[in-house]
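Listed next: structures, encoded as structure tokens.
After this come two complexes, each holding chain A, first together with chain B and then together with chain C.
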Partner chain A sequence: MTPMPGAVLFRLAWRNLWRNYRRTIIMLAAITLGVWAMLFMTAVMRGMVDDMVQTAVRSLPGHVQIHHPEYRDDPSIANSMPPPDQMLLDALAQAGVVAWAGRVRVPAVITSERDTRGTTLVGIDPEAETGLSFVSDDIVEGRFLGSPDDKGLVVGRKMIDDLETRLGRRVVVMSQDPDNEIVDRGFRIVGVYEANLENLEEAFVFTGRRYAQSMLNMDESISEIAVLGKSYRDVSDLSHLKQLEGSAREVLPWYELDAYLGTMLSTMDGFVLVWIIVVFLTLSFGLVNTLVMAVFERIREIGLMQALGMRPSMILIQVLLETFLLLAVGLAAGNLLAVVSVAALSDGIDLSIVSEAMQWMGVADVLYPALEIRDLVTTNVVVIVLGLLAGLSPAWRASRYQPVEALTKV
Partner chain B sequence: MRVDNITLSLAWRNLWRHPRRTWLTVGAMVFSNILLVFMISLQFGMYRVMYDNSLSLITGHLQVQAEGYIDEPRMRSTVPAAGGLANALRQAMPANNVAVRAMAFALVSSAERSLGVQVVGVQPSYEPDVSNLPGLVKQGRFLKASDERAAVIGSSLSRNLKVGLGDELTLFGSGRDGSFAAGIANVVGIFESGSNDIDRSFMQIPLTEFQEVFFMGDQGHSIVVMTPDLFELEPAMSTIRSIVDADGLVVHDWDELQPGLRQSVQADMASAWFMYAVLIVLVAFSVLNTQLMSVLDRTREFGIVMALGLAPIRLGRLVFLETGIMAGLGLLLGVAAGSAVVSWFGFHGFTYPGLEEMSARFNLPGRIYPSASFASLIWGPSVVFLACLAAAIYPAAKLLRLQPVAAMRAA
Partner chain C sequence: MSSVRCVALCRFFFQGDQTIKALDHVDLEIDEREFVCLSGPSGSGKTTLLNAIGGLDKPTSGEVWVAGKRIDTLGKSELANMRLHQIGFVFQAYNLIPVLTARENIEFVMQVQGVDPEQRRRRSMSILGEVGMDDMEDRRPAQLSGGQQQRVAVARAIVSKPAMVLADEPTANLDSVTAEHLMDLFVRLNETHDTTFVISTHDQRVMSYARRLIGMVDGRIVTDEAH
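== the complex of A and B ==
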């Protein structure tokens, strides 16, 4: 006996699917909605985490950061490090490093005639910071710093409001030098920046690196080196920097620097999978039901086919093929709907009604859903694999009918 | 809906003509009900902890402040005669806890380090009633009313300043009038709140000391009130308003003081309800499919009974009744199994990898205990129940248009 050709089997499965078109359409609608929900929800969550990470990475750390091993727990001037030596400079010149900048970064107190605030004084090389951190792009008033020797101070919008001062006025910045002598110096505010999170506007004030070094009596020492790679998702291009780690310096990728974000990103993968499976399980009851009914209706027909010599394995394959077609059509529609709805929201979802909450979580109040290829793949694979598993039981039953018994069934 | 015994037993028997189909449909309901009961109870449990933790650490339920202080916390926006006002409030509302605070930013120096720190002046005898920070002192003790030149600081701050109990700190800042302010304090206690921001940048000293160092006289920046119930603030607020009649003073509730909190809960609820809605609609589809099939299967049978004189409306009722029985089964089994799951996790707590690291940022524990209440148990399953009944409308409506003769001829 020759096995049934694939084309015939396929056509049979396809036609069977449409014999009871109402049932198939309802099931397809359910699968489509389920797949859309899997993808859409995932895209929204991904968009949110993306934004969190990017905001955090731009708010100074970079993708990989090099600093004194003690600096993280105690970000004080005592834990600064010498400027990069030749070995480090060579490593930073390698491909994979898109940009890097050395900075002085110490806790400080800033005082105007009116008020006092705590902040972080950051001494930067203005040119190196371009593209690396947010400040250079986000100046809304005045100017950005011109050189490492710039004596001006760039502060955040919120900070300038807190201090009741304005562009061009003088403020005093206090900190300590390596011998714990209090040092203070008057600065003129030359620029004001805005950030998408309000607390960033209070967190940092910027001046020229060399000017900060002279104020703090720290010679050429710096607090940290921030390194930018191609993408925050994959910092393996920067792994050669890790080899330079030693007793005097620590090299950390952003996800170790900010455990919260790092965990968030990995938890998100788990969450996506759980969500997909939960939606699928809810769907699966209906799916199995549909298949059981489809097989039940055709008992006589199946018996007849068997009596005419169709092998049980072919019947199993045919029902599975029917399951597959049902899933495939539903998946196609669901994927399409998700792509269209995410594209329609490419201008972002406005979350300003809960903007305070968003600030709290470190997210801007416009959310851009991000549909990622790997999530599309995961969703489709999970649905097909679990769907075929669900179809196995009705298919198995269909192939086990005794022809005579099935034929005589009313 | 009037239901006689015959319709009821018919409906019941019809359901068990296809036991597999019925159980699969009920299974979908039970599955989603268990999920809903568990998730909603978990949410309730989490929100409660969120509210408690974020409000009882610092914010309190209500605060009396100078107008405008909430947006621009300036040294000179003060509450005059704060101590006396707090006493008056305590007498008027004995069920509430009241304490005065004053806040300033100062450069704090130890022998080795200097850091910018938020300095808070508190009333040592009343502060423990409005905040749980005093209870979180892990080394030494909290401030006492008799203390002079004493300070309690956070654990990270003590590490960064390289100081321990008994060490001396100096404070530099600006006073209320903008003049230079300086003071000395000895560390008597070190707290560990779990929130890195607070542990790194917070220092408490006695209010009287604060007023002296920062030239505050008898003024404070806020009067913190802890009420018996954070969702029943109106009585306390109106009492406070009647006592605090001075110009330029306002009462803020916690929602104004910490606007992110309620919104976080709302944002979380919104995304949760999106997920629930998807699950519920999927279950409804499953019911729609089952009931439509069961109606179509019986077209001939229905044709015959109609030809015998049965009103179509009674058949529609029958279909609704069948759906109702299934949905009822789903509800009962779902709530029962869901409650079991909730009580298990209510006892053992629920966690997943990464939760602890993430909650630490919001000062939340790494384990959530779902909180079961009548509402949290019944809310989700009831919506599922209604959605299932709604799904039966289309199959039932089909019956109303059934022509007996055509139906009897149907294959």
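== the complex of A and C ==
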């Protein structure tokens, strides 16, 4: 059997592509725009989910959280846990742990001279929280806490507005101690923070950890330990912490703490694939039409090539090669356009005009599209594979003509 | 040894209740190096016979043997392979591949055969010289006249030295001078390359070149004589 003459098939495919210049350009423009739409919208969606997860992770949970097994059901002081023992401290000192912080975190009521609000009192080690949670970076007025013994209170902008109070004024924070007795203490507001999401500004007020522990009569006990790893996408570096799980503590990654976000991230790849396929299906009608016309216009020529000794399989491959080249050129242009447009938006897309909706979704006002290599690979593979499948029908028809019928077609 | 042998060859076309007998029990034997003309009026079956011999069409019944091998039972790929290595075609309407240059058209069959580029180029340039087209190798078919295109088609048909060339009304679209040159070329190639030529025509000038003239009417051979 004669081997496949690759060079001549490639030459024929490439030149045939440009026979009907206008039709090819229109089809290429459609593929380019389609591929751009696939990649750009995927980058926007990835950016949005990325932002949601980053915001969620920075709003206290960390990448992995250690707490009392009952704490999630009842986040009260009753479900606190002892301070880290040596074994836990050794585990937290291992590679993979970028930062960690122990916190007191209890439901509380905050009262100003004008109003009262429900909130969560968080007692923190200010130094340990730097880089781990949002609060140290988001102080816009006053100061951040100086030590675990700091008696000041850091409050969100929204809470300050709700309570109709201001920096330097005193407020009362009230909660329950381990004996379910009401405990309260007066705090001076020493700092105001503005978070990415406005609802966080009402959700948390911060004071020094030891000061909170003394107020709540809980000795050295803490509510949780938040641990930061290298990336929220892969918390396998922190898997050794899971081995420390027991009757006194539970170890959970962020995606189990926030099942909604975790599910969203895990289904994102499937959603991207569906999106790519849907866009491609709209393109495929044009693609198939172009290929059918290209074959239909060349029936005599196909008959001639068969008469000259080209096997049906060679005809099939030649038409598929033509399809591949059309897709490859369109993909190259679409990829380039997507990379350029995402790079041009590296400073983010300002969505402050729909700020409320974005807040509701847990996304900041500025969206940063994130074009990932795996999305580029998926898009290119899907377009090539589905494109060749779409080209299979006209290619098959071209290869099945009887030479004598094809040669006499007008 | 016979180059072509047809035994009780029939090719019928069916249109409703009507049966058109394009070939009606044709028996024919053509020896190697023969220069044969099939003559007859339009619809006499000349082209159908050439198509059957070239494996372009399947007969309704009967046998077709080419170079000692029965071809009417072969599959599409085997027939393509047989045509690739044993038969050169020249059609009435030039039939060049429009996106390839004259030289690339000539090299096309050799490329499909897997001949190496150096040899391809040498043989295509030589054959272009032989058909008087050596200065037009880079022209595409649209840039060539009808006669020039037909010469390229002839060059393509013979460049890989097939055992047989089947030419279907090769001069039909050519002026008399060009037609004469083409027939001179066929005769020369038949003599120098030992190639069997089977030409269908109803042009008296072409018939005058034949050494064997087969007359056909209504799908049957009615005359077969040395010329």
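Note that the second predicted complex is superposed on the first by the 406 of 410 C-alpha atoms of A that agree within 3 Å, B and C clash if a C-alpha of one lies under 4 Å from a C-alpha of the other, contacts with A are read in each partner's own complex, and residues count from 1 in each chain.
Operating definition for what follows: contacts are C-beta pairs under 8 Å (C-beta built on N, C-alpha and C of every residue); 3 or more make two chains touch, one makes a residue touch a chain.
For clarity, every value in this text was computed on a predicted model and none was experimentally measured.
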{"item": "Contact breadth on chain A, by residue count: chain C or chain B", "value": "B"}
{"item": "Touching partner for A:R15 - first (chain B), second (chain C), both, neither", "value": "second"}
{"item": "Touched partner set for A:Q402, first chain B, second chain C, both or neither", "value": "second"}
{"item": "Contacts of A:V140 with chain B and chain C, given as first, second, both or neither", "value": "neither"}
{"item": "First (chain B), second (chain C), both or neither touched by A:V381", "value": "neither"}
{"item": "Partner chain(s) touched by A:N180 [first = chain B, second = chain C, both, neither]", "value": "first"}
{"item": "Partner chain in contact with A:L89 - chain B first, chain C second, else both or neither", "value": "neither"}
{"item": "First, second, both or neither for A:A343, with chain B first and chain C second", "value": "neither"}
{"item": "Residues of chain A contacting chain B in one complex and chain C in the other", "value": "none"}
{"item": "Chain A contact footprint on chain B (complex, rising order)", "value": "18, 20-21, 24-25, 27-28, 31-32, 35, 72-75, 104-107, 109, 111-118, 156, 159-160, 172-174, 178, 201, 259-261, 263-264, 266-267, 271, 274-275, 278-279, 281-283, 285-286, 288-290, 292-293, 296, 352-355, 357-358, 360-362"}
{"item": "For the chain A and chain B complex, residues of the former touching the latter", "value": "20, 22-23, 26-27, 29-30, 33-34, 37, 41, 44, 73-76, 78, 107-109, 111, 113-119, 161-162, 164, 174-176, 180, 182, 259-260, 262-264, 266-267, 270, 275, 278-279, 281-283, 285-286, 288-290, 292-293, 296, 351, 353-361"}
{"item": "Touching residues on chain A, where the partner in the complex is chain C", "value": "1-3, 5, 7-8, 11-12, 15-16, 19, 300-301, 304-314, 402-404, 407"}
{"item": "Complex interface listing, chain C residues touching chain A", "value": "51, 54, 56-58, 76-77, 80-81, 83-85, 89, 91, 95, 97-100, 104, 108-109, 111-114, 156"}
